[in-house]
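I'd like to ask you about the structure that follows.
Letters A, B, C and D mark the chains in the order given here, with residues in each chain numbered from 1 onward.
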Amino acid sequence: MANDLLKGKKGIIFGALNDKSIAWKVAERAYEEGAEIVLSNTAGALRMGEINALGEKINAPIIAADATNVEELDLAIDKTMEHFGGGFDFVLHSIGMSPNVRKKIPYDDLNYVFFNKTLDISAISFHKILRVCKQKDAINEWGSALALSYIAAQRTFFGYDDMADAKALLESIARSFGYIYGKDKKVRVNTISQSPTMTTAGSGVSGLDLLFDFAERMSPLGNADALDCADYCIMLFSDLARKVTMQNLYHDGGFASIGISEEAMDKYKS
Amino acid sequence: MANDLLKGKKGIIFGALNDKSIAWKVAERAYEEGAEIVLSNTAGALRMGEINALGEKINAPIIAADATNVEELDLAIDKTMEHFGGGFDFVLHSIGMSPNVRKKIPYDDLNYVFFNKTLDISAISFHKILRVCKQKDAINEWGSALALSYIAAQRTFFGYDDMADAKALLESIARSFGYIYGKDKKVRVNTISQSPTMTTAGSGVSGLDLLFDFAERMSPLGNADALDCADYCIMLFSDLARKVTMQNLYHDGGFASIGISEEAMDKYKS
Amino acid sequence: MANDLLKGKKGIIFGALNDKSIAWKVAERAYEEGAEIVLSNTAGALRMGEINALGEKINAPIIAADATNVEELDLAIDKTMEHFGGGFDFVLHSIGMSPNVRKKIPYDDLNYVFFNKTLDISAISFHKILRVCKQKDAINEWGSALALSYIAAQRTFFGYDDMADAKALLESIARSFGYIYGKDKKVRVNTISQSPTMTTAGSGVSGLDLLFDFAERMSPLGNADALDCADYCIMLFSDLARKVTMQNLYHDGGFASIGISEEAMDKYKS
Amino acid sequence: MANDLLKGKKGIIFGALNDKSIAWKVAERAYEEGAEIVLSNTAGALRMGEINALGEKINAPIIAADATNVEELDLAIDKTMEHFGGGFDFVLHSIGMSPNVRKKIPYDDLNYVFFNKTLDISAISFHKILRVCKQKDAINEWGSALALSYIAAQRTFFGYDDMADAKALLESIARSFGYIYGKDKKVRVNTISQSPTMTTAGSGVSGLDLLFDFAERMSPLGNADALDCADYCIMLFSDLARKVTMQNLYHDGGFASIGISEEAMDKYKS
């Protein structure tokens, strides 16, 4: 169902790991819609090697960069601009990780060094990307930057722990930077608050299966999957959404606006 | 910039009055994107005659209906389905009017008969349209219903008075009906919270010029205009947003997420 | 635990029916805290007779008034001011009823005459009370008006149907009127969004037991009961909250900020 | 207007600097209402010496602690419990500082070491306090922990920069920890989103005078001052609010619910 929606546009996508990744699907769909793509992930992620297949398929160079490291980002954006012969039009930030969650450290006993890492990897990295882009004037006017978030930024989901705080910080950074990038360069900055998704990162959250089932029954349209999310990203990269900025957009089959559905209650009471 | 985004889709658009109307722009853009359209407005609005030009241009029949009247809606949806030879895929509700605001009756001295009219015309009519559509199974699976709202539903703007209450009710109806239409028929229901827009309806609000200027300076991307709004509606009608429902989506250049911008403060302090 | 928090203050309380009513508890607690009270309810509710016992206990006159009827409110406020020898300091609106919910009419098949009644009884009556009070300058400066709401105004709870829309309208009216009453007379207007509560009105909602259990497990502090709610109302009537206005205040043991609790999930998965 | 609201209660207050501080007013009001108090601030702040006068006045020991340092907090909470002979009932966190804002480093050019400090001092310190308290079981059942926030957590105010992100993180921590502390120990955790206030900390924000004037005209009840805020804190420490948790409570004269007031527009247009 390609419509050339991103024809002539260029973008960089951070965080594709394998074909379960939302970022992977976004890259594929953006390519289908006519965009040129650069892929970036950490050196460690690249060593896993799966992303090479994606790079070949969509004719995208792969640039190693640790998005928490300004110097590496600096180089990566330089290389990206060199590849494109100038600026680009969209950015996807699909990066998140909590060492505390991984190691199952309870929230009321957080390791603060890990907490800083969680915030740096999952939220501050978005500031760093935007900052490096803005300093290099890398994103064209009316460009679009997106980061992936989760409703835990607004409501507490047990077990999501310090990732919830990271998502709240991420969404705040999107607003704070969105104001500045918007007025200075007409670049919009938004976050998508996505349904729980069966990605490799997501599967690290204990109890994801149950959460997935609960969200599925709560949401009148069911959970949005990675491909649905990719479609929504395409839309938000396109010119059709050029006046939308500083928003957190729920993409979740209705979950965010449900108190309790009959379907979830039927399961609950049984 | 047509992309066949709505190719093969059909929809009904309520509320186009003249070429300043958002609904008019939506109809034009939907047609450009490949959709077949039916237009509807009140008999009174149709007598003004401007809509005929639009109907001819986009090859759309025009069906008179008072959207507060279930019987008239019943007939209108029947005619629409007859025209299309079956169901359709999207609905736009761009209907709003407050006799209290028009007659400049202060909010603390509301005429309650008028208040009921404000609510009926501006909010309950959306329920009536959805209800008639659902009873006739008129909207195809994964169809999209949209209504236009304003941020006065969340925050008080002096002079907007009982229209604010109507918008709050409209957004609630979108959620309440969205849950049911979603789970039963996979139809999504959303509202767009649009920048102040220089339409014929908008110009009835006293002080719109000032509000427009304030919003323009507050919003990092400036106000979204009627054509921008039409683009966003197209996106939300398309399959790219098929898992978005029960949402109120700010389309306002960033206004909703601004406390105070430097640009507005510069004017304020001068 | 009386603290003379409302010593010297006077108030009118709408909607006490029997000793399960939140309004009943508010009246008792306000009296304990030193306030003088007037009670009001419909003639029909008064005929049930239980409120007489409350009136005697707290030395409060009982004034019949249909809060949807401006003329009756006019008389009731006159009588109240006569009783107090002037203005008063607080108002509680604890009024809500949906004929559609009572008669189990599905939301997508609403009776619109009933819908208007739902809105009039549950939401517009608050506007009418405030309007009559303001016209008579009945509420003293820095007075406090409160209405009871429910989180269905923000998120859909199946079965709550058009009461959800009424609560959304009620909260909007509180904002709209709060702006005007605040700037003109320093009167604050707020709503409390209360946990599901086992009142006579609440018990009309089908499935309340299940909802109550779900909310209890979701809320880290458990559901707030009628007496808890009365305490919070006292606080909001007192001078300690005199700069709080146009707010909807969740009083629900934490429910509003929970996505999913471990306790609810344990029950859900079992 | 003391009412013995906190009679028999004990609490620790972080962040009182001088008699302009909100924390100072809270300490005074809590004492008036019958509470026993311990004061804490950094060694640097204590060296300024003004807090000694407060300590004497309200008979409160002063304990030096850097709230970003878990070891120092550990000692401070031990000393506090020793002083009280056991647990206590309330905690106030009134701590915030951004080196980036102080040094007027633009948000799109943040110093990331400073950013980490901003987050650590203004947000993560609240986690550290709660964590140390919970590990020592220092807060009694139905106790109340409060932190002071600002609406910049939700909407961008130019010049507030990374403090906005810190406040968003702070509010998220209140929710995340509030869930756990609530279910385990019935301790509630909330934030108050306070009007711009003329404190020593506030005066570091450039353009505070203008912001103060804008907020004053936007808010129907005018800005809430430090003493108003102290009253609201008292209320939230008291048992009257014992079922309120995981909330961010606007205490701002109505500002948060205003889109544009007539009073602000009159100044804007002049």
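Convention: a residue touches a chain if its C-beta (ideal position, glycine included) is under 8 Å from a C-beta of that chain, and two chains touch if they have at least 3 such contacts.
Note that the structure is a prediction, hence the values are computed from the model and not measured.
Colleague: Taking touch as defined above, what minimum step count separates chain A and chain C?
Modeller: 1
Colleague: Report back the single chain whose CA centre is most distant from the CA centre of chain D.
Modeller: B
Colleague: Could you tell me the distance, in whole angstrom, between the mean C-alpha positions of chain B and chain C?
Modeller: 32
Colleague: By residue number and range, which residues of chain D touch two or more other chains?
Modeller: Only 155-156, 158, 175, 178-181, 246, 256-258, 261-262 qualify.
Colleague: How are the chains arranged in terms of who touches whom: line, ring, star, complete or other?
Modeller: The chain contacts form a complete graph, every chain touching every other.
Colleague: In their complex, what parts of chain A are in touch with chain B?
Modeller: Residues of chain A touching chain B: 1, 3-5, 175, 178-183, 186, 188, 195, 219-224, 228, 231-232, 234-235, 238-247, 249-254, 256-258, 261-263.
Colleague: Using the touch rule from the top, collect the residues of chain B that touch chain C in their complex.
Modeller: Chain B residues touching chain C: 70, 106-110, 112, 115-116, 119, 124, 127-128, 130-131, 134-135, 153, 155-156, 158, 161-162, 164-165, 167-169, 171-173, 175-181, 184, 246.
Colleague: Mind listing the chain A positions that touch chain C in their complex?
Modeller: 151-152, 154-160, 207, 210-211, 214, 256-262, 264-265, 267-269
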